[in-house]
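Consider the two complexes below, in which subunit A is the common component and subunit B and subunit C are the respective partners.
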Partner chain A sequence: MLSFIRKRAFASLISLIGLLVMVFFLSRLTGDPASLFLPVEASAEMKAEFRALHGLDQPLLVQFGQYVGNVLTGDLGESLRKARPALDVVLEAFTWTLWLAVITMTLVTVCAIVVGSLAAFRTGGFFDRFSSMVSLIGASVPDFWLAIVAIVVFAIQLSWLPTSGTGSLAHWILPICVLFVRPFGIIVQVVRGSMITALSSAYVKTARAKGVKSGPIIFVHALRNAMLPVITVIGDQAASLLNGAVVIETIFGFPGVGKLMIDSILQRDFNVVLAAILVTAFAIFLMNLVIDLAYALLDPRIRY
Partner chain B sequence: MADHLLEVRNLSVDFHTASGVVHAVRNISYYLDRGETLAILGESGSGKSVSSSAIMNLIDMPPGKISSGEILLDGQDLFKMSSEARREVNGRRIAMIFQDPLSHLNPVYTVGWQMREALKTHGIGNAKAQEEALRLFKRVALPDPERALDKYPHEFSGGQRQRVMIAMALALKPDLLIADEPTTALDVTVQAEVLNLLKELQRETGMGVLIITHDLGVVSEVADRVVVMEKGQLVESGTVREVYHNPQHAYTKKLISAAPGKGDMHEPATAGEPILSVKDARKFYGGFEALKGVSFDLKAGETVAVVGESGSGKSTLARILLRLEEADGGTAKWKGKDLFTMSPGELFKLRRDLQMVFQDPTQSLNPRMTVYQLISEAWVIHPEILPKAKWRERVAELLGQVGLSAEHMGRYPHQFSGGQRQRIAIARALALEPKLIVCDEAVSALDVSVQAQVITLLDKLRKEMGIAFIFIAHDLPLVRDFADYVMVMQKGEVVEFGTVAQVFDNPQKPYTQALLAASLDPDPDVQAANRNARLASAS
Partner chain C sequence: MKTSKLLGALLGSVLALGTGIAPAQAASTDIKIVLPEEADLLEPCMATRSNIGRVIMENVSETLTELDVRTKKGVMPRLAEKWEQTADGSWRFHLRQGVKFSDGKTFGAKDVKYSFDRIFSDKNICESRRYFGGMKFDVNVVDENTIDFKVDPVQPILPLLLSLVTIVPEGTPLEFVREPIGTGPYKLSNWTPGQQIVLDARDDYWGTKPAVTKATYLFRSDPAVRAAMVQAGEADLAPSISQVEATNDKTDFSYLDSETVYLRIDGNIAPLNDVRVRKALNLAIDRQAFIGTLVPQDAVLATALVPPTTLGWNPDVKVPAFDPDQAKKLLEEAKAAGVPVDTPITVVARTANFPNVTEIMEAIQAQLQDVGFKIDLKFVEVAEHEVYYSKPFKEGRGPIIVAAMHDNSKGDPSFTMFFKYDSKGTQSGYSDPKVDDLIARASAATGDERAKLWSELIAYVHDDLVADVALFHMVGYSRVSERLDFKPSIATNSMLQLSEIGFKN
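What follows is the complex of A and B.
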């Protein structure tokens, strides 16, 4: 198990380095920060000074070398906009995103498993058809549209909930509800399919022959077997939330990492962009490791 | 009159499918008393398992429907009970074991957990359940029972898993045990042990046993009475002896005559050079030596049967000969050239000569290809064999050769029965005009009567086309009828090699003798004599 974690960590390190290289060079292609930061009437000397101050006058490779050296010592540079360490800025935003993702995915997972399992238990029944319809709609509705409609209805017309920002529990409700819809729709369908297979399996027949009640047959015998493909999809969906739900965070003015990334890209705040990518990539790597371990936990036949 | 333990009266079960109503069983009646063993004998599709599923309430309704009849357990009609009452009956009064214990045990829970669940479901406390589970594991002679409880199903061998199933079924001392093909997936010696265990347990508990099987040998070994089923109908019933010696119905007669192991044995021709000469073939999987130096020769038109139990290395041998896996030592001279070290280019040309027919035609035929595509694909890969203009004609000819007809060309594999699918697989192998066909358990999955047809076909091909066969099988009577030479393998080694007559009539090695002794004879009298001889030699 430890050697598995080491192997995975090494493989992920390589992809992290690749990611770093790509993002660093691509971000330098998007324009000159000096002309963006300084007023239009700034002189050439002022620009040169600005570049020298931030090391932007060095050749790209030298800049990259310095950057990698700094990263290895835990220094991700300063945010050009906020004059604070980039890492601090990112971690602050990431905490918001993490909470949003954790709460949403917990709700999604619990609801999707219950609904998907019950739908699979009586395939073709009313509940199955109803939940199939709901989940199909959920999986296909564009979330930005849903977000805007939700704001119009619940925040503006009914005035039940705040339109955007943070500050109270009520501020969380709309973003969570909107983010809930798509992963819920997708995961319900995966749970349903996987549970239909599990419920028609031979070991379920054995359980019925033993006289086991329906509840334990669904939620003890079949569900644990059905969870493997489901976990993969949960991980996938969680990853897209951890990346920062860019559009939703922007619409709701939610200070998460997705919104931070977009803002920093628009402002050429390279250090923050790079730090945000590193932090989310690391988080996704950790989550994948947890998923692999969950496989082994759920299925004794999987051993690393 | 006292009630029978179990009585099935005029049971009919239908399945409502998209393509119409299927009458799975029609008006069948049978009974079973305490301490008695009744066998339901039938081939696939005969509906032999349907009545037991009805007894256990395992039929999904819909699409299933009990259209008539009743099932009485001690005079009480199961169909009139509430579903909760039937759930209570399951496990407590009637228990069931299945053909494939690996898929019938939940892979993600320990067997101890599954044992305790069976007990706890019917109101036994945790501590008592643990104690009982251990007692039962000891009773079914699982090695190291304390530790076995904490293991998962995949950590046991097939025979051990079936012992776990039996222990679980007997947990609540049921009055009736239903065994659905309990030994079909097991090796012969393990089959003998499991059947023996079932009989011992029956003597101890006095339960009635309903055994569902396609194997006449199993019937003659364990059953008192037998009912024969064909196409959902019960065609014959009686004591095993009566039915075997004096079958009334044409279908029963056909089944009995199709049982292999009664024909003349082959006298292998001795002339000619070997086309394949294997010397000291070895294969390792990591540190495990799967083949420990296997040698044999094969001449054109000859059949070598490779027999042995699971783990003996017989399939590994097939795979390295066809270079589906690389050998780790030894040579295999095919017309003077070493198969094991041949370059990919040479091997490609040689693929024509060496073909393989697998056990499960459902899996080895691509379900999205028509029969024509499946067979002619060989010529797409080896275009030198046949110009495209003649493909249709040749496919029709090949289909004729394997007993199908040209009109089957446009159909897909799922439209055929198991036996027909295996014929398609054989036609596909023949398309390349091979010199050697390796059959890996090629008829094991087929019904006895279909098995006989496929064997006849293979024998015809051997005689007419001089094809040599390596015939991997675990079914000894079948080998006796078809092979020239028999190679008995155990744990990667050749234990015994000889002509069929030598090996079957005068086995030299104890392992071969044990294999032959464990093989079941369809004749109840012969089987009883074998059993007595075995018991006598054991004591």
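What follows is the complex of A and C.
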């Protein structure tokens, strides 16, 4: 097990380095941050001074060498626009994103597994058809539309919840509910499909034959076997949430890492872009590791 | 762009179903203001940038002078009580006494000198430096409350230029700061990045105590959400919402926002180097047809890049008539004279530059094509737009027109004309000796002479040189809670003085 973790860590480190090199050079290909930081009327001398101040006048390879040197000492540089360390900016935003992702995915996982399993238990029954309809709508509804409708209904018409922002627990409800819908829709479908296969397998028939009740059949015998593909999809959905939910962050004014990343790319704040990508990539590496370990836990045939 | 329009329409239609406006917040002198983007810095010398200026300009950080845009009294005293020009062209400013910074230090001439030196320091890139390009300053502290500015070349509008320089206390770090100290009526009391900025009124402010005691700034990118927040009572003021949201007469106001949309022509490249072709471009566009359709009803057709409130704006310059036949004729004439009018012209526009930019540019493309132009329309992001808009222009480029929006709320054309038309101007597509001469003379002139020269330049650029295609002076929309007594002005785009906000009850 430990050697597996070591191997995975090493492979991920190589990916991280590749990612760093690629993003460093690609982001610099987008052009000169001076012309975005300064107004169009700024003189060529001012732009040159801006570049000199931030070391952007050096040859690209020299800049890269310096950056790598700094990263090795734990310094991810300063934000070009905010005059504060890029890592601080990113970690501040990533904390919000992480909480949003963790709470949403926990709710999604629990609800989707229960609903999907019950739907699979009586295929074609009322609950199955109803949950299929709900989950299909959930998987396909555009989140920006849902977000704005939710604001109109719950914040303006009913005045139950704040429209947007942060500050109290109530501020979390709308973003989480809107974020919940799509992964829920997708995972319910996967759970259902996977459970139908599991429930028609020989070991379930055996369990029935020896008199095991429906509850334990679904949630003990079948579910554990049906979970492998489900976990893969959960990981996939969680990864996209960890990258930040740009639309939701934008509409609800939620200070997460997705909007930060998009803004930094548009403003060519290179150090923040790199720091944000390194932090999210690291988080996704950790999550994938947990998923791999979960496979082994669920399926004794998988050994690392 | 599309998304926010859709959201806006959706929100608008749902609201139209008959919800009442939520009751305004309880009687309090604290207000909340919701802005489209957060300031990334709160650096006083960057306060001419709108996302920073709207929070700190004249609220936290004050200037020696200020431009009065509401009653049009011109340049008014702020930290300077009065000023005069001496025989050699230098300026003497007499500073207000008894003014204290929010950290308790007393304001004096040394702070003014320090603030000026700080702008030119190589430890930072202060945006306000751009207003002083090509000028040499010799700043002398005469006594605690008197300071002399000797500028080469002589600057007749130095008092106006000083309305752009915020004063920081001596000893402020030369590097950008995030916690500004100023002499203004408010001080920064909290900044939680990504969430809010809070300003509190100062007890020891030198001037009249403003009605607003505390202002909390919130940031939401979506205009529909900003409008909804004022409606739901979560905010009192949204200085910019979109036109589709502005549906309530009681709370929503339009204002001429000092932005002018125009087509910048690169007059160096054929066929755009021919004045007949440029005239044809102007005659082919039906400007009036855009008003009230794709461009807001209150927008004004432009004849210059500066709004009508600007010194020297020329009322005799008329908007070109929409005359496609005349445009066709001019093109034919040019063609007969050997001008390659069939060369495809690239029109470069910036995505999300202003509302409906896609539809407006497509309509303009169609109108130009109707008279015989070959137009390739290209939409680019802000960074790429800058490459086309500003010098150095690419060698070997084809004929290019750039759709752009220019902002001048500062009352004097000098902030526009040099950059847009002078041979050395960063966005200028011309090198015309008469233009250069007029700009140089107008910049050095004062009073009526100055206004006259600017008027002459505006007429020459528009009627004789036909330098570009001026289109619209744009309007912005604000939503103001019913409990506030506030009307947006032409300066609202760049600053938002809390002292101008009152309460109705």
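In the analysis below, the second predicted complex is superposed on the first by the 299 of 304 C-alpha atoms of A that agree within 3 Å, B and C clash if a C-alpha of one lies under 4 Å from a C-alpha of the other, contacts with A are read in each partner's own complex, and residues count from 1 in each chain.
What we mean here is this: a residue touches a chain if its C-beta (ideal position, glycine included) is under 8 Å from a C-beta of that chain, and two chains touch if they have at least 3 such contacts.
If you're wondering where the values come from, they're calculated on a predicted model, not measured in any experiment.
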Side-by-side fit of subunit B and subunit C on subunit A, or clash: fit
Contacts of A:148 with subunit B and subunit C, given as first, second, both or neither: second
First, second, both or neither for A:175, with subunit B first and subunit C second: neither
Partner chain(s) touched by A:266 [first = subunit B, second = subunit C, both, neither]: second
Partner chain(s) touched by A:185 [first = subunit B, second = subunit C, both, neither]: neither
Subunit B versus subunit C as contact partner of A:159, first or second or both or neither: second
Touched partner set for A:77, first subunit B, second subunit C, both or neither: neither
Touching partner for A:53 - first (subunit B), second (subunit C), both, neither: second
Per-residue contact with subunit A, leading partner among subunit C and subunit B: C
Partner chain in contact with A:221 - subunit B first, subunit C second, else both or neither: first
Minimal inter-chain CA distance - subunit C and subunit B, angstrom: 44
Sites on subunit A touched by subunit C in the complex: 30-31, 35-44, 46, 49-50, 53, 79, 81-84, 89, 92-93, 96, 144-145, 148-149, 151-152, 155-157, 159, 162-167, 250-253, 255, 259-260, 266, 268
Contacting residues of subunit A [partner subunit B, same complex]: 201-203, 205-213, 216, 221, 224-225, 298-301
Complex contact set, residues of subunit B against subunit A: 56-58, 87-92, 95-96, 98, 100, 103-110, 117-118, 121-122, 152, 154, 165, 168
Complex contacts: residues of subunit C adjacent to subunit A: 3, 6-7, 10-11, 14-15, 19, 22, 40-41, 43, 48-49, 122-125, 127, 129-130, 133, 175-178, 193-195, 218-222, 224-225, 228-229, 231-232, 234, 381-384, 386-387, 389-391, 415, 419, 426-427
